[in-house]
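Chain IDs A, B, C, D and E follow the sequence of writing; residue 1 opens each chain.
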């Protein structure tokens, strides 16, 4: 069951403001391919502007990708999301739901919680009004909110509660895939933990698959099965969580880990500082996008873009680096 | 060992500080919040009341006005406001009364001079019968809020005009044009502006581009001259009702651009907001998103903009009528009434002819205050 | 040495730029009797206007062959002006006019019969020149033949008796154009000149005004803003003390916004006088101003009031029949409450009456004036009912005998007096009698256009020409048959009624008859007009005019300009600045 | 030596709904050259505390109701709470003795003046340097905070800078007059981890170099653990625990601090998180006694009264009745 | 469309220009009948002169009457480069360009002077009100501004005329000069006379314009005052005045500049109306008369010209804004 692939993304590319031929503009997602299994959590990490949100929204078909295929396996069979009209998409949408970063902005402040949670049911005209109400209440209770919340307005709830409403809302139509776009980064730690636990429990209970966008490696470490590292819209590394954190294959992954505040052996270690800043996504692309900041970059890196391929040392990991096979990045004591 | 630190000042927290009341506050719905915020703005509330009164008076103009709009007595040409008295030389009465006036032409100035006939009292009665009129164009009635029983004397709270008509009655009737021009004009404006703005914001592309250019162009035309130009082109032989409609359309035609821009901006920002994305991700159709998300969120802004557009439109109509290219007699509007006062000698000799200006001013001011109050109210969270 | 000149000119004479005053004046200058005293030289006379056209400079002074006596035109027959005398042939079918000798144009060139001939034949009668022959001079539709006998003598041949000639002459604006100046632009006189160019120069302001016979000549003109005129050094009139006129060095016309602004300007002293834009509606302003110490005077003149015209040739048959129905017209006339209008709009200065020729004419009879002129709503209803117009559907308005309802459009030009009156008539008086009518206010030119084109239903304007009925250029006002009254624009269609035909015959024949015969015919015409109510007139009234008290020689009473077909009512050349005395 | 000593600070906000006790009896000290981290969840009063020190409370809304803020200024000790916030004394202290940087690097700089001009303005405000010298110094400062080509960059406007660079420019500006205390209010919340690491490293380095005290406000315990010497934990306008950076992880005393740590996901931590139950009450619903009592598993009757600050040892004090038997002392 | 924002701006301005001419042409075409026939009738009426057929033919040729509307439009705009905008009926067939040229200067002068006056009053008041938010003075000023917005210009002008003539006994009846100075050469006295005549219309105009500007300024400044960089400026230790004027007001004025494009039409509107009432030699009176008399080339041209002035005004505003705001300047 768990190995059943429900999502398969191949060569996803999106340029904002591209011309008709799909050229020019801002390359936000560049040839991204990955798959997702049932009840699996795939995290997407990367710095701001690296295209995490964009990938999520492409899958939810909120953005039209310029190229690539998104295959979704639902109960009804296999569909290619990229080539569906809005009307065709509608039934599929029930199975793919989204959870947004800012619980404030993702709930219409003029609607009551009950209506907000019921909205997907109303849109798809599922069940009678009474059934809908029952479902809403039971879901709200499931995410830890009382039935009385139904009549409240978003501004009358705290941030954590609002995010729970968002979760309940996403779950009303029994989705199979939940795209979570930084669902906890606006929350305080104590609330964040509540929401993370909730997401985990729901996954087990309902067999959900998550695409989990985050820039907090701590959270990613906690929640994911696999992790995709993104840099300027390009996949740097795609590996299981354990592999990634134990032995990163890509220098950028290493750099991210090093920049994380963390404690080892009861002590906070000094973080390693990655020099330079993420370049603008409009930059002229030649060679590896990370070459400018990479301590291991060579002429080759400047010249030629590496392709994503299985890592020699651990074929379960894919990496886009010319030197991945040669470098040993498993410990942080690399020269930077 | 269990000494407490003694630096807690005496002013510090006594016990629970009425958390309950605060709790209630938190539970208010958006609408309640807005309502509260609105009520807190006293000028806006007052303005709303004034406007309600004015509109009521307009709807029931026939009832409120003691005389029909054309009912005049030439002998009372430019007779001043009738003083309402409770007392005179002959004593006092609980029922207010007026004295009839006699007019005589001065041999020097050739103007009429008015002398009150102190001997005669004409009492004012409420719910009197008088000129007949139609309520909302349907029911015929001749009941008036107040009036005199004899036709020898006339009551004119705000004086008489040149033809000896009661200015107050005319102002009340004039409100039917002046007050509705704003509302109807703005209604059309809202429809045009909101629809075009929302479409142009939602779909973007060439349509948006064209609409934006068009709006930009319309907006570089100074509005009053363009109004003037367009209303001057209204065929003079149209019946007054059509002319009125024409004026409304002209005013609305030029006014929608501001709203369209605003709505477009709002749509643009709303459509990127996560909750719209969320609805879209749930499979909501465009219509659904418009209905459930965009419009409710824009509505209050639209209302505010519309409210603030009403006074502009009212002023526009007044200016046009004042200049003689607005509504035409026998229709009455405040601007038209005011154009009768646009003569220095009229202001000098018959200053009450300026009363229509006071009504324009009060209405416009009230709408401005109301709009202001509504603007504050739109963002109940700020 | 018997003549005096203005100090302004004396300097130039002294410097030799101008010949002495004696040489500039004709042998027999026209001597004008001052209204009250001999004036002094200097200063600027300023008038305001709400509309600036060439017409206004002409309105300052006009110089035809004969001229009405001013300021009161009703005191007698026209007197020679440019002419010295006139002699009619035995049967009155031709006349010889002798001109004053030695009159000069304002540039010093001599004025001769050739200038008149030039204007008569090369300008007025030349098809290519955009200047048409005045209808009042036409006899049976033909222009009289002009023969130059000498530099100072001209003969006019009318083809039939035309005793009206002097009065007709006194009613036109001018009779001569400077041949030496305008000839330069005339293709018949100068090679290479074009009519196109000539036509551009016909107006006074396009340069012609600089070579003039008038008291002041053009100095500066800006369209839509002002005229500036300066004295004509060769002006050929003197006062009784031998002072060359005019008294004022300069005369200006300033354009302002509207009637109201003209009245205001006259109140505050910005303007000196007005007889054109002010009316009873400004009495309040004037009395208020006088009370607050403004040094102005109001004088009066007897003028016709407002009139309502019907379109007898209206396309719509229902309306045409209605307008041609004498009962309907009489009903309209008696439906109108003239007393109320008098009270409200005319400050009691109106003497209500119907459409009879003016009391200032010899053709006036009280009894005609009183016809169908007293307010009686019941009579109006009765008249309508008798003619078959009854309210069948109970809406308060009558329908035609066929049951058709109608709504008459009454055109009125934007006018601060008439608009109000028409509104009152339309909304109250006519409605009371059961006649449904709607007022249509438009710019003057627009209503006038509709009137001229015969595209109106009812039209409101002054009771034009009633003070001098035969001087009216009917054909100019109505594009119908020549010399037909103005209210039958498409006279080519069937006649209104037999009486109307009689009326036209009487009017047309009048000019050919000596005065006594003419008077009888005209009184009959007047009676016909009043009885048939072809025009509904409100009555003659005392119109107030205004002038600043600084003006000397201001008349005590005025004849309003239109009594004499727009002759200048003020003898502007006689006015002077009394404060300088 | 103590540089700043805040004692019994109460800061009230007068808002429409009433008076809000944003900071409610806060006491702490900062020694010279020390880095103090202030942590706590959103709305607990961290920023208000900082603003109270700076005298930058919103006029007519914020007010120091009670307490002292003693600052060892160059001329002696001053009670900042007593100063006119707009007066010359506070102006001189602001920027000169105490520098401050804010969370939002994107909006902290005036968009219409060049970076250089804004730094120069700060320099010249507190020194008599000539314009040219001030520019030279500004460039040095920019270079110091790691901005390449400072001469060129100084002439640019803020919009030409990335978020990290702006934050560095802000730091340069705050350092322009050698302050003895730098208050950094969540300086890294809005930037990426890599940039965060850069900025924290920079701050630490500068601090060491200048022997400057640093008050670092953050809600990220890890950040505090990394660079702070001491930690102040706040909850609902109160200080619940003061301790050293090392101990806050190893031996948190207050149940709230413990709760925070248990909720904190971090690298290598895969066991289920144990969040604090319940939510932070709104600022108007502050419980009568210990603010944390309603959410505290160990709460007892006693917690209905506000606990005093108990001193556990020289480095740690905690405001919790659990430590009733500990030595109560000055926090 | 195009990458370069300047080219884009110019292209869109050209497009707008074209649309302006189209709308103006539509206005010209609106009334029934053609302009030449109206002219002929009017000429005949006024001077009794008939317009010769050649002239008529020329006019018909020139303006393309009887030809399709687009040809008429093309013929009309073809005259623009030669300064030929058609002829005026009410001005006896004078060139529209001449009439307009004489009056456009005064129109602009009045509008621009009013703009300066209203800004000169509104900006300081706006700053004052914003910095004294919610106090009585702010409340008062804001409400007085609404009063200003509510009084129709034409009413103020009429009442003023009355006061001038009957209450103050002045000889003022409108116009720009006293009689004595109408034709005089420019001198100190004449200029003074001019100012005295201009004072009232200017004041009336600027009161209307001021109200709007004041409100915008106040709102903008309040907005800016809430921004982080203002706080930064305070944290530097700047005086409050410097903070407000140099840092906040400087930016709050920017949107005002870009709203210049919306201010100017308001003032032009006022100028037109006031001029009609007070008889000022601006474009107002001929425009009004032209409309009433359906003298459409004059009316249409004035309308077009006003629009073009505003377009230019907007362009200038954009340039000013770019010049004053580096964010816009650098695209």
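Details
Keep in mind that, in the parts below, contacts are C-beta pairs under 8 Å (C-beta built on N, C-alpha and C of every residue); 3 or more make two chains touch, one makes a residue touch a chain.
By chain, UniProt protein names: A, D = ATP-binding cassette domain-containing protein; B, E = ABC transporter permease subunit.
Note that the structure is predicted; figures quoted are calculated from it, not measured.
When the partners of chain A are compared with those of chain C, the chains appearing in both lists are B. Pairs D-E and A-D differ in how many C-beta pairs touch across them, and the larger number is found at A-D. Ranked by how close its C-alpha mean sits to the mean of all protein C-alpha atoms, the top chain is E.
The mean-CA centres of chain A and chain D are about 33 angstrom from one another, to the nearest whole unit. Rounded to whole angstrom, the centroid-to-centroid distance between chain B and chain C, based on C-alpha atoms, equals 48 Å.
Chain C and chain D have Cα centroids lying 93 Å from one another. Chain geometry summary: the mean Cα position of chain C and that of chain E are 41 Å apart.
Within chain C, contacts with two or more other chains are made by residues 264, 288, 414, 446.
Among the residues of chain D, those touching two or more other chains are numbered 282. Residue positions 161, 165-166, 276-277, 292, 294 of chain E are each in touch with at least two other chains. The part of chain C that touches chain B in the complex is made up of residues 260, 264, 281-285, 287-288, 291, 337, 339-341, 343-345, 347-349, 409, 414, 416, 420, 423-424, 426-428, 438-442, 446. Those residues of chain E that touch chain C in the shared complex are 38, 41-52, 54-55, 58, 88-92, 94, 98-99, 102, 161, 165-166, 169-175, 179, 183, 276-277, 279, 281, 285-286, 292-294. Taken in their complex, chain A has these residues touching chain D: 47-48, 158-161, 188-194, 196-197, 200, 215-219, 221-223, 245, 255-263, 266-268, 270-275, 277-278.
Chain E makes touch with chain D in their complex at residues 134, 227-229, 231-240, 247, 250-251, 254, 324-327, 330. Residues 57, 60, 62, 86, 89-91, 93-94, 96-98, 100-102, 105-112, 119-120, 123-124, 152-153, 155-156, 166, 169, 173 of chain A are the ones that touch chain B when the two sit in their complex.
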